[in-house]
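Got a structure for you, questions after.
Residue numbering begins at 1 within each chain, and the chains themselves are lettered A, B, C and D in the order written.
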Amino acid sequence: MIAINTLQTLFIETRARTETLCKPLEIEDYVVQPCLDVSPPKWHLGHTTWFYEEFILKHHKPNYTLFHEDFAFVFNSYYETIGKRVVRNDRGNLSRPSVAKVYDYIHYVTNELKELLENEVSKEIEHLLLMGIHHEKQHQELLMTDIKYILGNNPLLPKYNDSFVEYPIQKEKQDWITIEEGIYEIGHTNQGFCYDNELGRHKVFLNKFSISNSLVTNGEYINFIEAGGYKDFNFWHADGWEWVKQEKMTQPMYWHKIENDWYYYTLQGLKKVDASAPLCHISYFEAFAYAQWKGHRLPTEFEWEVAQEKFNWGTRWEWTESSYLPYPNYKKAPGAIGEYNGKFMVNQKVLRGGSVVTAEKHTRPTYRNFFQTNLRWQYTGVRLAK
Amino acid sequence: MIAINTLQTLFIETRARTETLCKPLEIEDYVVQPCLDVSPPKWHLGHTTWFYEEFILKHHKPNYTLFHEDFAFVFNSYYETIGKRVVRNDRGNLSRPSVAKVYDYIHYVTNELKELLENEVSKEIEHLLLMGIHHEKQHQELLMTDIKYILGNNPLLPKYNDSFVEYPIQKEKQDWITIEEGIYEIGHTNQGFCYDNELGRHKVFLNKFSISNSLVTNGEYINFIEAGGYKDFNFWHADGWEWVKQEKMTQPMYWHKIENDWYYYTLQGLKKVDASAPLCHISYFEAFAYAQWKGHRLPTEFEWEVAQEKFNWGTRWEWTESSYLPYPNYKKAPGAIGEYNGKFMVNQKVLRGGSVVTAEKHTRPTYRNFFQTNLRWQYTGVRLAK
Amino acid sequence: MIAINTLQTLFIETRARTETLCKPLEIEDYVVQPCLDVSPPKWHLGHTTWFYEEFILKHHKPNYTLFHEDFAFVFNSYYETIGKRVVRNDRGNLSRPSVAKVYDYIHYVTNELKELLENEVSKEIEHLLLMGIHHEKQHQELLMTDIKYILGNNPLLPKYNDSFVEYPIQKEKQDWITIEEGIYEIGHTNQGFCYDNELGRHKVFLNKFSISNSLVTNGEYINFIEAGGYKDFNFWHADGWEWVKQEKMTQPMYWHKIENDWYYYTLQGLKKVDASAPLCHISYFEAFAYAQWKGHRLPTEFEWEVAQEKFNWGTRWEWTESSYLPYPNYKKAPGAIGEYNGKFMVNQKVLRGGSVVTAEKHTRPTYRNFFQTNLRWQYTGVRLAK
Amino acid sequence: MIAINTLQTLFIETRARTETLCKPLEIEDYVVQPCLDVSPPKWHLGHTTWFYEEFILKHHKPNYTLFHEDFAFVFNSYYETIGKRVVRNDRGNLSRPSVAKVYDYIHYVTNELKELLENEVSKEIEHLLLMGIHHEKQHQELLMTDIKYILGNNPLLPKYNDSFVEYPIQKEKQDWITIEEGIYEIGHTNQGFCYDNELGRHKVFLNKFSISNSLVTNGEYINFIEAGGYKDFNFWHADGWEWVKQEKMTQPMYWHKIENDWYYYTLQGLKKVDASAPLCHISYFEAFAYAQWKGHRLPTEFEWEVAQEKFNWGTRWEWTESSYLPYPNYKKAPGAIGEYNGKFMVNQKVLRGGSVVTAEKHTRPTYRNFFQTNLRWQYTGVRLAK
């Protein structure tokens, strides 16, 4: 375990960063929920705060007084163990508690926790706090993707700020890295923090394979579009093709064709698409279809984990061909904490890597992110294998 | 026509009242749209302002500069004639323009109009301005019903203020007023302001009928509930019964049964239901079912108009049995103004009267309000006939 | 009341006609339900038979044995009073009872009723039998419209037979009939059979109006289409315009544009549209839009009833501007029979007249048919007024 | 390849068996489609016939005349390559072609193929024919599950026949079979017929595991129900729990609780549930929840394939924990044949084994069946692992 003063520092820094990320927002931006997958920023603030209150303060701080007895109801997410769940759809209808009140809640809980940490605490509290911090870091990423969705779907296309770079230059010339057939070990060694879904380090047998040293670029994807990629069912799964037709998909999320040029909404506002930057905001269905068109495939999560030390990664969450399943001997933790990962292990795909909005030190080579196959508001990208 | 200085006063008073109504709101309350029929307060402010800009300033003030070129898109409602319509569902996703910006818009347009009115203006402008003022008064009513919906559906049940009386005492002892058979004249005489749907004053033949001098009370409606009114299809239209079953209806909107007592959310917060106050927030389906159960019926809009001078009215919009149809020789006005009323003349019921949130001098004996048969977030009530 | 031997004859003829109408069908045609509004022919046969069994034999024939105890469940329609309703949507999933079994049911019930009628029967039975016969005549009409829908939506477009004429020649040269202002009497005099919704003969005041001596033709409607009638919201109700956009409406039901010519599916198979024949299979929304475009309007049901003796009618059910509402002093009959009409008196429009598939002697000048505003699989047409 | 006379015999036997399976049906049973996943028996007959016509006769028999030019449209399934697809939902609305006509089609195509096989044919034709035969065998299984659904959802609960045994006795006493850690080979060796999704025989590394020698029984599953298994979210995936709540799931498909006893609909009619027979008609969600409740898990498809020679199987398709994904080096075949398997490799689970309605010699240890996680009209069961 890490030293308690380091943990306290990490806690304070994490809380501070959440506030920093919200600095460019108007009060109104905290409230809306333009689609079901997006949560209002206010909710992220309340929810990460509630997590500390519910799992640490309420049970481990003597004489702790709840900030507000209804907030557990308002800011719980999917924890069935703890009372009645808020219907997700309703998050965007909550004008109250006000943003000011939520910040009061944040500061109250932060102070109570700082107070608790002034004295030595049990290993259990340390573990729960570390869990809470990583939970908050995870929500920082969602906060940024949700802010982008809220601003990027507003008819006025307001910018977030002038400095956030979402499309960093990718220096590598595309090349293939080859990995030999063999038995490899997969999963976390349990030294330092990780989630339960990374544990159960185990052997897998891999055939020889090659993986690209670089991500698919916007320019390469434009070739796919212009070759009629969205119009030919041959490249798509049956479900993917239904999705293309029903949603009338023709391009990545946030892209706009204005006259004959491609533009995209970025946190810096509307910009011309940079052909050499790595592709972003595509669904698994699109990632798969692109790979089919190119005559290649997506890597499995095991291939990615084995090969990852040989290439740069971290600007895009990378879709893999692997379904999100438990590792051998996976056991979900008892109680509410156990609901964190295990119950989502069906009908989702694993993503590996990290992104330009991932909190510092939040990802690692064994980290397993996961989303449904049609979602694309995260900073998702594609690395090919063959 | 009314004198221009009176008109200017009316304009300024109306604009001021809209701001007064919003005083108790937090910024967050302006933004949300908890259901499709409700519009965010911010939208009402922007829309009523846009109406003056679009129909008066833009065409009748020389060298007028639009406040913002995208606002027409954002704040238009159902006017197909004017550009692309905003999908109604999206109103609650608009965090921008901010509330502060919308108030800037209000003040800009108000000042521009005041400037225009400093000199003599044409009859056409006078007419359009009067139209805009009445349009705003109409939206003041919707603003209040929507604010109630937003606060009354928030899990914290915040109050609007402490003084707003929604359930005034009804002094009349219930009695029947009888009107003799005969030919009566219906509709507006076109002296003073009215909407186009009231014009075409015409004769109707009425049979002898009786109408109640008072509104159905909460207490009477509780009798209906307790007699199993929501469980017996015999009292309902087929469509009404479907609605009861699908929506699992058991009581008026805003009512809560807590232990064994009935409470309702009011603008003053949660209160015990007052049995002697007039019933509110029921749909046409419920009004009809109640009348069936009671062995009576709802009046037609013609019966109501003929009898109305013999009873007190104005706290509830009263459901009638009449479908919303054009009067003989009704002609809709050309262009966008013509979209105001005519295109809704199908599958809606006429309501007569006015309510505790109706703007002063906004209703009159010939006023025809109308809603779909399942809606109940307005201040709707019941007066029986036989 | 009519003499019992006449009644018996009428009963036998009606039953026989139902079988005759089904002659051209394959067994498979009896079973399917291609849309919610259409019932499988087998269901019409079972339902009309069940009506006699339920309301007459079961209660009025001593020692009557039900043909099959589950048939009441299978063949009931919307009678809430009598047991659990079959969800309408399920009618097309019932492969059993087989068609042969349903014909056994028909013959069993017919014979039992004939037996009952061999002796003198009470006035109540006479009334119920007359009700049952008219109920069956009504279903004969629906049977034909549903058969047309089943065949006309089959990709092989099979014909019903070679002789059924749906588009009879209309001899009248279009002209206007004028009716003077005055008080008129409306409704049935209660001499001979009628439905409860026609009773309550009462006075109405009508303004002077004109009504066309002839129906709108296919050719006239083609002019509306070609003038862009389906593309201009100005002619439509707001609900109608939503319907046009959502359902992508561009022409009457059963019409197909093949190369540059208009064709329609008829019971005789696919044919070229006859420009001089009366328009058919349009919704109220379309009827209204056409009238708007033409600068005229639809008649009210009262205007139609007053004027009808001055023109020919009976090939199309004619949409009126009147909503389907109770006449003054309308009382619905107690029990299941009372569900026949009253509970549909909301959000529907009245149609007057009759059609090429209406059973002989089934309609009359006071008959009030009614449908929702978006339906068009009936033989609906348009007569203009001004 | 198998000898041509054997192939011809196999073809004739397979065609004959399809007809035999349909013997107990009424004509009406061939037509209906009570839910989207079920196809009308008539469609299965037409579709398997069309497969031979489209892929063999049309391209490989000189001067072949299509039986009917519209049948390709009517009886195609999901083959995007070949013309416009029939919307699946519509299959149950097709009263025409009649059943008699479909049998004419069957006999015409069978005879044409027999004629073709009288002379020596190319390897390609042999391959396509074998494909067509296995395609038909697969549809024989679906035909039986769809017939069960049609009869088992009819309110009269008609039996299929008296002799079909769906719940055979399972002789084994439950015990665990243990397999050691190691590298194993998975997939088909390409000797004899198999589908493309079984090819690409490859190595996998397996940890030591145990698998049950017997299937979960009805009695064991009743324990799960009575322990509140359907009421405790802890046993379910998040998606599974949503499914339970939305669909109000409380028991396997076809089960009915009558008074205090469990019954199920079988092809022999309604019977009391036999506690010792293997559980059937449960979804993956239920299989997973049962395993969670029991403290065990489902095997992976690799574990199943490695262990299968040590236990009896073949009465139930057995849910595995494996997602349906391509084997390494999987390539889908070009053209329409390539649509058979590859495009479904997302969001489905693998089932291994076979069932009481699987055609003889149609399954094998490497056979990979697959369905969505909520489906249960197939003969699905559960074998536990740990």
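Assume a residue touches a chain if its C-beta (ideal position, glycine included) is under 8 Å from a C-beta of that chain, and two chains touch if they have at least 3 such contacts.
Here's who's who by UniProt: A, B, C, D = Ergothioneine biosynthesis protein EgtB.
Because the structure is predicted, anything quoted here is derived from the model rather than measured.
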item: Graph separation of chain B and chain D (steps between touching chains); value: 2
item: Identity of the chain that, by mean CA position, is farthest from chain B; value: D
item: Computed distance of Cα centres, chain B from chain A, in Å; value: 45
item: Centre-to-centre distance between chain C and chain B (centres being mean Cα positions), rounded to whole Å; value: 37
item: Separation of chain A from chain C, taking each centre as the mean of its C-alpha atoms, in whole Å; value: 58
item: Chain B: positions in contact with at least two other chains; value: none
item: Arrangement of touching chains [line / ring / star / complete / other]; value: ring
item: Those chain pairs that satisfy the touch definition; value: A-B, A-D, B-C, C-D
item: Residue numbers on chain D that touch chain A, as the complex places them; value: 78, 80-81, 183, 202-205, 207, 233-234, 236-241, 284-285, 288, 321-323, 325-326, 328-329, 343-347, 373
item: Chain B to chain A touching residues, read off their complex; value: 26-34, 42, 70, 73-74, 90, 92-99, 150-151, 153-156, 158
